[in-house]
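Each chain gets a letter, A, B, C and D, in the order it is written, and its residues are counted from 1.
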Amino acid sequence: MDASAQPSHAPPARPSPAPGTPAAARYRAVRARTEALCAPLGPEDMVVQSMPDASPAKWHLAHTTWFFETFLLGPREPGFEPFHPKYGFLFNSYYDTVGPRHARAKRGLLTRPPLPEVRAYRRQVDDRVLALLERGLDPEGAAVLEVGLHHEQQHQELLLTDIKHAFSENPLRPAYAPPLAPSRRSAPRLAWVEHEGGLCELGHGGGGFAFDNEGPRHRAWLEPFALASRAVTCGEYLGFLEDGGYRRPGLWLSDGFAAAARAGWEAPLYWERDGAGWSVFTLHGPRPLDPAEPVVHLSYYEADAYARWAGARLPTEAEWEVVARGAAEDGALADGGRYHPAAAGEQRPAQLLGDVWEWTASAYAAYPGYRPAPGALGEYNGKFMVNQLVLRGGSCATPAGHVRPTYRNFFYPEARWQFSGLRLCREARRC
Amino acid sequence: MDASAQPSHAPPARPSPAPGTPAAARYRAVRARTEALCAPLGPEDMVVQSMPDASPAKWHLAHTTWFFETFLLGPREPGFEPFHPKYGFLFNSYYDTVGPRHARAKRGLLTRPPLPEVRAYRRQVDDRVLALLERGLDPEGAAVLEVGLHHEQQHQELLLTDIKHAFSENPLRPAYAPPLAPSRRSAPRLAWVEHEGGLCELGHGGGGFAFDNEGPRHRAWLEPFALASRAVTCGEYLGFLEDGGYRRPGLWLSDGFAAAARAGWEAPLYWERDGAGWSVFTLHGPRPLDPAEPVVHLSYYEADAYARWAGARLPTEAEWEVVARGAAEDGALADGGRYHPAAAGEQRPAQLLGDVWEWTASAYAAYPGYRPAPGALGEYNGKFMVNQLVLRGGSCATPAGHVRPTYRNFFYPEARWQFSGLRLCREARRC
Amino acid sequence: MDASAQPSHAPPARPSPAPGTPAAARYRAVRARTEALCAPLGPEDMVVQSMPDASPAKWHLAHTTWFFETFLLGPREPGFEPFHPKYGFLFNSYYDTVGPRHARAKRGLLTRPPLPEVRAYRRQVDDRVLALLERGLDPEGAAVLEVGLHHEQQHQELLLTDIKHAFSENPLRPAYAPPLAPSRRSAPRLAWVEHEGGLCELGHGGGGFAFDNEGPRHRAWLEPFALASRAVTCGEYLGFLEDGGYRRPGLWLSDGFAAAARAGWEAPLYWERDGAGWSVFTLHGPRPLDPAEPVVHLSYYEADAYARWAGARLPTEAEWEVVARGAAEDGALADGGRYHPAAAGEQRPAQLLGDVWEWTASAYAAYPGYRPAPGALGEYNGKFMVNQLVLRGGSCATPAGHVRPTYRNFFYPEARWQFSGLRLCREARRC
Amino acid sequence: MDASAQPSHAPPARPSPAPGTPAAARYRAVRARTEALCAPLGPEDMVVQSMPDASPAKWHLAHTTWFFETFLLGPREPGFEPFHPKYGFLFNSYYDTVGPRHARAKRGLLTRPPLPEVRAYRRQVDDRVLALLERGLDPEGAAVLEVGLHHEQQHQELLLTDIKHAFSENPLRPAYAPPLAPSRRSAPRLAWVEHEGGLCELGHGGGGFAFDNEGPRHRAWLEPFALASRAVTCGEYLGFLEDGGYRRPGLWLSDGFAAAARAGWEAPLYWERDGAGWSVFTLHGPRPLDPAEPVVHLSYYEADAYARWAGARLPTEAEWEVVARGAAEDGALADGGRYHPAAAGEQRPAQLLGDVWEWTASAYAAYPGYRPAPGALGEYNGKFMVNQLVLRGGSCATPAGHVRPTYRNFFYPEARWQFSGLRLCREARRC
């Protein structure tokens, strides 16, 4: 047994705070969960950056802290002084309004500040935020606090996907969490959930937190369609692969086939073939491919090609949302200690929230009437509205309570390191 | 006077064939126009490829011929034999269904076949096509003929944009066409054309030719909006530039600012500054910047940033189309011997068809219910439906009769060598 | 028979001028030979640049003319005016002293000036040079004339290697010259020419033209060694290849194995394998591999790996030179109309001059006491004295009379498009 | 005062073992010194790789251990078992004979094995080596032990240069060692040490350890020359810089000027200019530029350009060696706790051993009669004998006792992260 590849500390199985919890308690809970997610990691694990898209765990710890310090404390603390004069440069992610910043691709070179100092940074900012909360927050401050909490939850998910990628680059194949027992469940038969279309309301309509890109609430016209009752499984995807799916340009978007050829893709990210068949690298270590589980770590191009092969298509985000609006939260989220999607249950539709992010056919764009917030927080979402595709539904790495039917995630079509899968859609059979 | 930089032959000023012309006459006219466009070019001009996006003029001559040979003659000529066994490899652009092909980036190395042989290829295929037309075409053949003719018109436009790019790379700054007289017109004041929105019909509804991506006809819900009465002018764009537009990240999409920095963009493509101010390289040679003319050779990123600076936005393609449906064809098209956009006239709206392609905010995607044609021609449009943005309206390089209100052009957001400009849009003022 | 792939005009078989010929006659002969080399090429062939290392034939025509215009006429013609104000920018290769220049990698975009204008440029400069010669040249001018003639001969060789590379990129596989009859000769048995070493004199010692890098004459100490009697043959090299030579890192320099892997080398450049075995693309078109001919189009890395496999090594340039000093000029040079190396004859040693350039183990560096000439011509050789390896002996593409035993050619170790082969060397057996 | 940028533990000031010390004691001393060098580093510092040329400190710890395990223990321990089955893959640097290996550029992703496990690896291998030494070593084993010790000393120097580079990438500018007091010494006047040349003996002739590339001892003929009495200083180099040295192509090798332009070099690596003038980043943190100290962190190209500007040249390695043969070891070496070169003293010549590695004009190549050792250790030096230049003399990062007059270091001409400087040479004035 190879000690160096095993987790020495259990990852967290602590619940995300329920809505309605007082702000200070929610703040404490979210902040504590981020640190709990680092429990299985050593200082070396937390400093590396395995590709420019990913960030070191230590950087996630510091950046989320910088967010509260800069946007919440900065304008509200009398005589505000930052914890360290250079942290703004080091831990600003992309806010041009705030000032210059360290190069994204060099985050992995920040061996200093060392981890204990970043932890001290967190503690100090936490104390100051809690003191501010105690004094009471103005409405705008309350809104910034909410954004900051949901922002930190987003980084909790990234922390997991980023460390998974870093570990996958290590020939020792380290595990983040204890091994998963093999599943006994088989996937339920694929069924189709029909929707009659028409003039639909979309987007977040108020009531609870939402990011600015989820609104404004607006109308869209949909033709009748049918959405698959569950996500595509590994077993189904294997059929595509064994049918030569990766070698048949006619199944692919032109850019997709070129991207696959350039990168040498022959299977989803983290799939590995040896004499004994396919196995999959997970946060729980390598394990045999389970045909019942949703396929995950697909690029948009692979999701799109699979759908074409299956005689279907990807849903638009509007189609997805009108079905998901009332759906049960039945998929795996990150709070149960399982960091890998699980086979669907018997609900119809199943897995709309949780398990895997689902690529949609919709390019990430502004909703009609969308205006980014003024100031730096207006950079949060709006400036990324080109070249990316919308994913919906959350994944097994998403904190419980973070995702909702109007939630719009977005990535470039070649991204594969997120827990991204797909669900089929098709025109409704009209009789 | 530098002889080497001057055109030795006049470019064509021949009209495109009117609709209703018999097929053989239209075929002859379209084919002849392609060759006429090459009149100002020498054999050396016609072999080079100045970047992978562009193709040599000789390649355009051969590829459009291969299109008719392969898709029209191939299935219909008894005992069909291709003109040359390797031309399929050399002149197939991207049809995987048909077979393997030469690398796109190496088209400029095809010094052989020499130009006279490519001209012989054209003549032979023309004779065979005309013989086929004389015998009468089956309906599918008639449809392929139409696609072939519109396909060749698309390459006529590319031939112009590609040679413009090639000439721009030559320090001698050659001209394709005789110098243009300075314009005396000033641009009309910008006005706003309001539209009440609602449930609109979009896409091509039959009646005349359309590409498959223009359909099917479908419904979409629009909120009220106002579209600018004309395209953005060089003078207006200069205001953006002089206001530091290229140095202010807050005006740009994140990918756009990065692309501009990487490429060192400080002005539209073909703008040049010297002591005497701005000049613009055109197919008629360099000339002083005319503030009344539409700005052209913008990337999507620049168009988007300009719109944000101007307190407006780009229209969606649906918004553009519902306004353009009944618009006059008042903009410059390529048949008048002017290969540069002209200042708008007094119509409202003006320039919707002609002058400059207008970037829209819409990612290029399938319309609801879209199905590509079966077989190789299904590759014509559908496989490019990702990562590109829709442009509408045609340009001064588009053959007359080629463009229409439902026509969807599409390019990557960083593309600048097409005649691409923009028109502003905004939410309607609600009172 | 594919007309487009065949040469329409015979390439030149005219002799290079003999030493002692008057300057004007030699000037005329060298200049005429360059143009004769272009006879088999069309204008399209002459404009392309198939890689940054190569230059278009038209560019060679113009650059060699610019050399005489700038360095010979410029300082000597009263009221000198260049033929064209921008040609200095276009056709300066690398002389920083003279002024700025066009980007090397963009030489292939110079469709203008068209070929007839470049020919007019040649004629005008020829007239002016001949008028100058008639008036008589100062000694420095006479020296510049000599450099210019040898410079043009170097470009004659490059013109051939560059068009060979361009044609090799064309799937039609055009031929520059008529097919070669198959050789009947087999290679003579490899023998070893021993040399006792000691304190040797090296470098050019006066008497006839030499480039500055061939001097000064100097002493070097050599240990006894033995040089192979002829170049390595294709048949011998095939042995290396079939023994897994390209897959065994232990035979290679580390940089060499990495370069081969990166580029996917599995055989010399221009070797192609199909069902019928190996064939070789030549300036005479494709032909079956002839085991008796010298292997050619090797990188330094391949030459070095072959030598190691053969239990020998490459000679240093000093070792090569002391043996070559009295050698016969028995190898093929470019004046016989054969542009491909031929099997060695029975001389011992054979092929030292002609057939293939021979990689030596010597990095290209200054001889002791070397000083580049003052002014622009000092840039001719000296500034390239790093990162390149010396080749000796001339090739089948070298004009007769151009090469000599002290001649130092130099290329980067990964270069393969020159007619580069090798000859083995080893320590002398001491008894 | 910024704690995160300060060293928390003193680096070692322990002497390297004197020659003649028993093997076990020398082994212990060398091994202990490597670990002592890591004392100022945290686990995060030790895992990063700031560029492919550099390696993580942890990797150096493991690789040097793997060297003893594989080459010393492997063939000699009965029933040898490696410490870990995958460490051979992870910590083999470049020995193809031994087996496949991890990608060099991904060494920084090895967060596992964690540092404590690598330390356990070191301890276990140390115990086994010492047990082997106690039993007595065969002569070949004794030779491998020596190579292993000198190999580890080489990595001690690399560990310092690599962490310096990593720290330089951190905007916090961490220091490895305590600040240096400003020097009061000014540089001695430059004098010239003349040598009469002639037939000289070069290379290692036996007596003490040497790497295989230092032999065989051989003869070379040298012309009279004069070598500078000390290294070039920062003050002198500043003269070159202020004279426009970086902008004048005539001073540079062609490849050098291109490399400088591509990389944007305007000064040596680690020089920084602000309002207060030049400062230099050192292992002791940033400090003002001291004109008396040797200039360091130059590429070969910069060294060569400086020499040309100064009207001199770089010495060949032969010239350097014949002068250095009897030189005093007066330069700073790494055992005194100063990791930065110091101003020369009054010896003539000074600084030949220590302070800065000195670029020579000699390409790294085999000496006459050189044969690499059989087996894997033959890969140590020989396969790198192309594309690199020889440096001589050791530096302030070299362990005392490691360098000698015949020692040949070698790097690519663009490498700047080693402690590389230069010493001038010129032809002897003959009267």
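Definition applied: contacts are C-beta pairs under 8 Å (C-beta built on N, C-alpha and C of every residue); 3 or more make two chains touch, one makes a residue touch a chain.
Note that the coordinates shown come from a computational prediction; the quantities given were computed from them, not determined experimentally.
J.: Going by the average position of its CA atoms, which chain sits the greatest distance from chain A?
T.: Farthest from chain A by mean C-alpha position: C.
J.: Let me have the rounded angstrom distance from the C-alpha centre of chain A over to the C-alpha centre of chain C, please.
T.: Taking the average C-alpha coordinate of chain A and of chain C, the gap between them is 59 Å.
J.: Just the number, please: Cα centre separation of chain B and chain C in whole Å.
T.: That gives a centre separation of 46 Å.
J.: Nearest whole angstrom, what separates the Cα centre of chain A from the Cα centre of chain B?
T.: 39
J.: For chain D, give me the residues that contact two or more of the other chains.
T.: Nothing qualifies.
J.: By the document's touch definition, which label belongs to this structure's chain graph: line, ring, star, complete, or other?
T.: ring
J.: What are all the chain pairs that meet the touch criterion?
T.: Those chain pairs satisfying the definition are A-B, A-D, B-C, C-D.
J.: Under the touch definition given earlier, write down the residues of chain A that touch chain D in their complex.
T.: By the definition above, chain A touches chain D via 2-5, 42-48, 50, 58, 84, 86, 89-90, 102, 106, 108-115, 117, 166, 169-172, 174.
J.: Across the complex, what residues on chain B touch chain A?
T.: 94, 96-97, 199, 218-223, 249-250, 252-256, 300-301, 304, 313, 361-363, 365-366, 368-369, 379, 383-387, 389, 413, 427
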